[in-house]
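For reference, the structures are reproduced in the following blocks.
Shared chain: chain A. Partners: chain B in the first complex, chain C in the second.
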Partner chain A sequence: MSDEAIAVFQVEARENLELIEQGLLDLLDRPEDRDLVDAVFRGLHTLKGSGSMFGFDALAGFTHHCETAFDRVRKGEVAATTDLVSAVLAARDHMRRLMEDPTGDHGAAGDVLLADLERAVREADGNAPVAAAPVQTAWRIRFDLPSHAFKNGTNPLALLAELRDLGEARVVADVSRVPPLSQIEPTDHYLAWDVTLTTDQGRGAIEDVFIFVMDEMNLSIEALDASNADAVVADQTGPAEVVAEGPSILPQAAAPAQVAAPVQSSAPTAPDAAEAGVAKTAKPSESVRVPADRLDELMDRVGELVIAQSRLSQIANSGVDTALRAVSEEIERLSGELRDTMMVLRMVPVATLFGRFRRLVHDLARETGKVIELSTDGETTEIDKTVIERLADPLVHLIRNAADHGLETAEDRAAAGKPATGRIRLSAHQSGGEVVITIRDDGRGIDRDRVRAKAEAQGLIEPGAALSDHDLLQMIFHPGFSTAAAVTNLSGRGVGMDVVKRTIEALRGSIDIASRPGEGSEVSLRIPLTLAIIDGLLVRVGQGRYVIPLGAVEECLELSLDEDLRSRGRSFISLRNSLVPYLRLREMFETGTPPELHQKVVVVSTGTERIGLVVDQIIGDHQTVIKSMSKLHSGLPTFSGATILGDGGVALILDVGHLVAKGQQQEAQMREAI
Partner chain B sequence: MTKRVLIDAALVVKNVVVLRQAILDAFEEDDTISLDLADEQPVDLCGLQLIESARRQARAVGKTLVLERPATEFRPVLDAAGFLTDATADDLQFWLHQGPAQ
Partner chain C sequence: MSTQAEITTAPGWTGAEQVEVLTFELNGELFALHAVGVQEIMDLAPETVVPGAGAFAGAVINFRGKVIPLSDLRVAFGLERGAATIDSRIVVIEIELAGEPTLVGLRTDKVHEVTTLARADSEAPPSVGMRWRPEFIQCLVKRGGEFIVVPDLQAIFNQQQDARQPVTSATRH
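So, the complex of A and B:
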């Protein structure tokens, strides 16, 4: 088996495991939902089959045990209790380990999980929903396989063996289409089968046998006994409607069946759950799977193209060659469109991120003994895939904190007059060039007194120092800071919030926290949509050129020399009845140049806070391909990166979040001085 | 005269192209072809399909194809694949040498 084939299997197995997990989590809320049970079962079945096919024997073996146990839920013999579903969830994690590390020694852990699962099934045995007594039904199954079946490794004998596992089967091979030797393409498949199967399983179980080959085969499943078929239809998942005989693939060996519901993979005949499931499995994908690194490579190329185009524009605009200028403008338009298309390719909905946290919250609830409900909002909001990947860990920290520190136990909540169920709400929405992700809980809120005491004990503030509420809450972002009375497995080790803040800032984002005692806390993350290319405003300060992310720019104003001199010492401008602090970048960067006669103020904001940045000249907008700073310069907080300009020069990209914080600090000092 | 074709390779998908040619060549040489399937060689459905195809070739060109020995070793695969479920006397004679000799 080639490494590539195994890599593809692993990608698909990961997706399958995600779906199994989502299905199980949904099942916790809707344990009676047969579609969910079937979907999880199908997932396990697929994983077992494909695992075996690709040589992941430990995975296939372990999954087989879980599938067998879960099959009892599917048959209605045991109920999908919380314990049972949780045991399968834990088993699912083990499957992932077996898939990621097939050579590892996981046997003992697997045995423990299987024992847990067995116990959960045993305990659930008494909670079985009232199930109809198994009804034996005779089915006539006729199928053939595509001509390339042998070449791609499909083993029809395995399919027949699976059918035999379902009940008593009479298998008749149809060799009528096998051509003489002189005409045969020997590796093509010409056989077909007519199987009479008597089983207490429903149509869904029969369809599952063909799950891997459903796309291309002809399959007809007919119930030979109408009354029993109806019973099975009601109890299992088969389509209820009676339809005409489908395209025959075999000569009629017996009288036409009374009930015939052929399953044609390409055209489901009923809007039934089982058929819908089959259609979902069988529908050919219209998307193309591309490795993420190739996408990154393409992004780099687009970035280089944008830089080259920028140089071309500069050359074209400096000359008088109108033809060159026309071509340059055309290339500029095309590269802009290419960039936009590229950005869309990289965008993925935050649902892919939020989906993971349902499992986290489920586990946290079990670990803490709290009743926790997670709700999500804005899952269709899209964000660059790189950003999504890097957001996962910070969000895990924040949700753990909310569950462990924020939410109270059911008893404490009852005492505080709150509902027993603690709520964590995860929401996302786009705001300009940023996505705002909010984690809100309705717990006890942050204990300011404890934060202050801890900050004083750690020497972060002087005892009794006057501190705004905002600044006090910011203390929790200091390394090693934790107000948790007890260190638990979940949090309280003081390694969370500072790491969260650093990670978010590394993404050119910002983090804000609000909290009301007794009512809960809310952490807001503002993250740029992309890390690769941004629209920027190119400005000049002294001799240097700098880029300000355009998404943060609110407006540009002129600052005359007189105004500048008047406000010296205060550094505020009046903007529609509000005072906005500003920073003189010329002074910050120590350019040593005199101020221009007509300086400009670029007003930038990060959500609620805004400041002005005084520059010498606004050059114009600039498509900015972000390059990271060298190791030597990476510690400079004022800059978030660098970019190459059209003339080959370098411009530094200003870190607006940092500058706004600096401006606010300056404002606070000024107010104190006043 | 009988042309004996020794098949001492696995009767499986990876060998069927070569085996087909060997059997076709034998059809050119004689009116009766006897396939000598070596012991302890694996067989798969593709191999069985090839033998079935050779039977059809014999019928098409008016020649005779037999197995040198009953395909007892193949019996599990023949049964699993349903080749013998509704077998005719001719089928049983061909595969297992059962019933009246031809």
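So, the complex of A and C:
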């Protein structure tokens, strides 16, 4: 089996496991929903089948046991109790391990899970909603396979064996298409089959047998009246191609077949299944799976195109050729549209992210013994795929914090006059070029006194220092800061909020926290829509050109020569009655060039303070594709990346926060030197 | 897949009696790089100085729409940095940095040719009589009356990364 095929299987299996998880979580809320039960069962079945097809035998074996157990839910023999669903959820995680690491030794863990599952099924037994007595139905199944079936790895004998497992089957082979021996292509498939199956299973179970070959085969499944099935089979005057032991059957008229619809309550009803089958074959493919790195590659190409285009327009605008200029403008429009389309391709709804947290909250509730309800809002908000991936860990941490530190136990809540169920609300909405994600809980809020005590103990603030509420709350972002009195399994290890903050800042985002004692806390993350493009102000310092992210820029002004000379000892300007310190980038970057006559000050905000950056020239607005810096330059936090300009040159993108920190550090060193 | 791996891990002499190299000149010394890792030889391009990056990789260039570092082996070997000439070229190679294949441009004074060197002619760097750091040199190869230096790029770049500080102060004097 090629690595590629296995990779494809793993991608699909991951998605399948995701769907199974979603289905199970939904099932916790709506245990009576038969569609959900069917969907989960189908997922397990597919996983088992494709797993064994691709040589993941441990996975297939383990999944088989879960499928068997869950089949009892599907048949309505046992109810989907919370314990049972939780056991299957745990088993699902094990399947994921088996899938990601098929060679590892997971046998013991699997046995424990299966034992749990079995116990849950036993306990759920007797809680069955409607234990319908199995009804035997006779089905007539006719199918043939395409001539290249063997090449695709289809084994008709296995299909027949699976049909036999469902019940009593009589199989007749249709050999009419088999050519003379001289013309037989040994790797081709020529047979068709006619099977009469008497089973207590529904149409869905029969269709499941063919689930992997359905798209390429002709399959007809008709229900026979149970009473006359035998008669039909007994009638030996059927078609000529009677094979030794298999009695043939008469082509059954359609009318009686449709009368005898399956009567089991658990199986999907015949029309539904038929409809589903039709929808499956008739529906055109709506999406194409593309590896993310190909999208990145395309993005690079589009970026290069935009650069080449801006060179073209420079040339066109400097000449007098109006025809050239017209073409250049046309290309400018097209490449702009292409880039916009490209950006949309990379956007993913945050629902993919929020979906994972339902499971997290479910587990947290079980671990902490608290009753927690997660609600989400704005799942359709879209963010760049790479941003989504990097948001997952910080959000997991914030939700853990909310569940562990924020929410109180049911008793404490009752004592505080709150409803027993603690609520965590996750919401997302777009605001300009940013997405705002908030995590709100209605727990006890942040204990200011404890934060202050801890900050004083760690020497972060002077004892008794006057601090605004905002600044006090910021303390929790300090490395190693945790107010949890005891370190629990969930959080409180002090590796939390500073890592969250760093991750968010690395995404060019910001994090803010608000909290009311007794009422809860709210953390908001503001994240740029994409990491791939930046709106910036292009400036020149000495020979070098730099991009300052436009989001940080507040205003630009001129630094007159007088003022420059006057401010030798002190580097700040007065701006509308407030003093704004400034950094000379020429000095920081050691350009070795003399200052220009008309230097400019770009006033930027780092969130907490305003600071001026002195540059030689402001070139203008610049929207561009961000290129990351290589590992050789990863030790320079002053630059968050680079970008390619219209003339093919490279400009570095300034990380304003780090730049200001570095400037302060350099000044401190200079002061010490004096 | 397998060719990719060969490119990214600087191939030594292991298993091969002969190896194809690209020879080039730095300050009159002849150097050789394994040809398999070479992506392109390009003319000098506009450079963007990266403030604070140190002399070894003090600038970046635009290589086919990618921003790649431009590094100077002369810094690692403590050679004088001469001015660019009409023969100056940038050799773009792929090298593994912190587990990631990375494109890097190398400054050269002149690129000679792609040639084959025999393992039998190679020698380990002598422990004395050489002012270069021996761990930066994979081997010396005798050819005609001269020596060709085969630098251990992986060692040089790893050292750059670990140190995060330019090695200039350690090697120049």
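In this text, the second predicted complex is superposed on the first by the 474 of 674 C-alpha atoms of A that agree within 3 Å, B and C clash if a C-alpha of one lies under 4 Å from a C-alpha of the other, contacts with A are read in each partner's own complex, and residues count from 1 in each chain.
The working rule: a residue touches a chain if its C-beta (ideal position, glycine included) is under 8 Å from a C-beta of that chain, and two chains touch if they have at least 3 such contacts.
On a predicted model such as this, the values are computed, not experimentally measured, just so you know.
In the superposed model, A:Gly648 makes contact with chain C only, not with chain B. When both complexes are overlaid on chain A, the residue A:Ala173 reaches chain B alone and has no touch with chain C. By the document's definition of touching, of the two partners only chain C reaches A:Met629; chain B does not.
Once the two complexes are laid over each other on the shared chain, residue contacts for A:Ile446 go to neither chain B nor chain C. Once chain A of one complex is fitted onto chain A of the other, the partner contacts of A:Asp300 are limited to chain C, with no touch recorded for chain B. When the two structures are aligned on the shared chain, A:Gly544 is found in touch with chain C, with no touch to chain B. Applying the stated contact rule after C-alpha superposition, one finds that A:Leu163 touches neither chain B nor chain C. In the overlay built on the shared chain, the residue A:Lys151 is in contact with chain B alone; chain C does not reach it. On the chain C side of its complex with chain A, the touching residues are 45-46, 48-53, 57, 60-62, 64-69, 71, 97-98, 100, 102-104, 157, 160-161, 164. By the touch criterion given at the top, residues 150-151, 155-157, 160-161, 170-173, 175, 178-182, 184, 186-187, 189-191, 193, 195 of chain A touch chain B in their complex. Of all residues in chain B, only 13, 16-17, 19-20, 23-24, 27, 44-46, 49-50, 52-54, 56-57, 59-61, 77, 80-83, 85-86 touch chain A in the complex they form. Residues of chain A touching chain C in their complex: 300-301, 303-304, 307, 543-545, 588-591, 627, 629-633, 635-636, 638-639, 642-644, 647-652.
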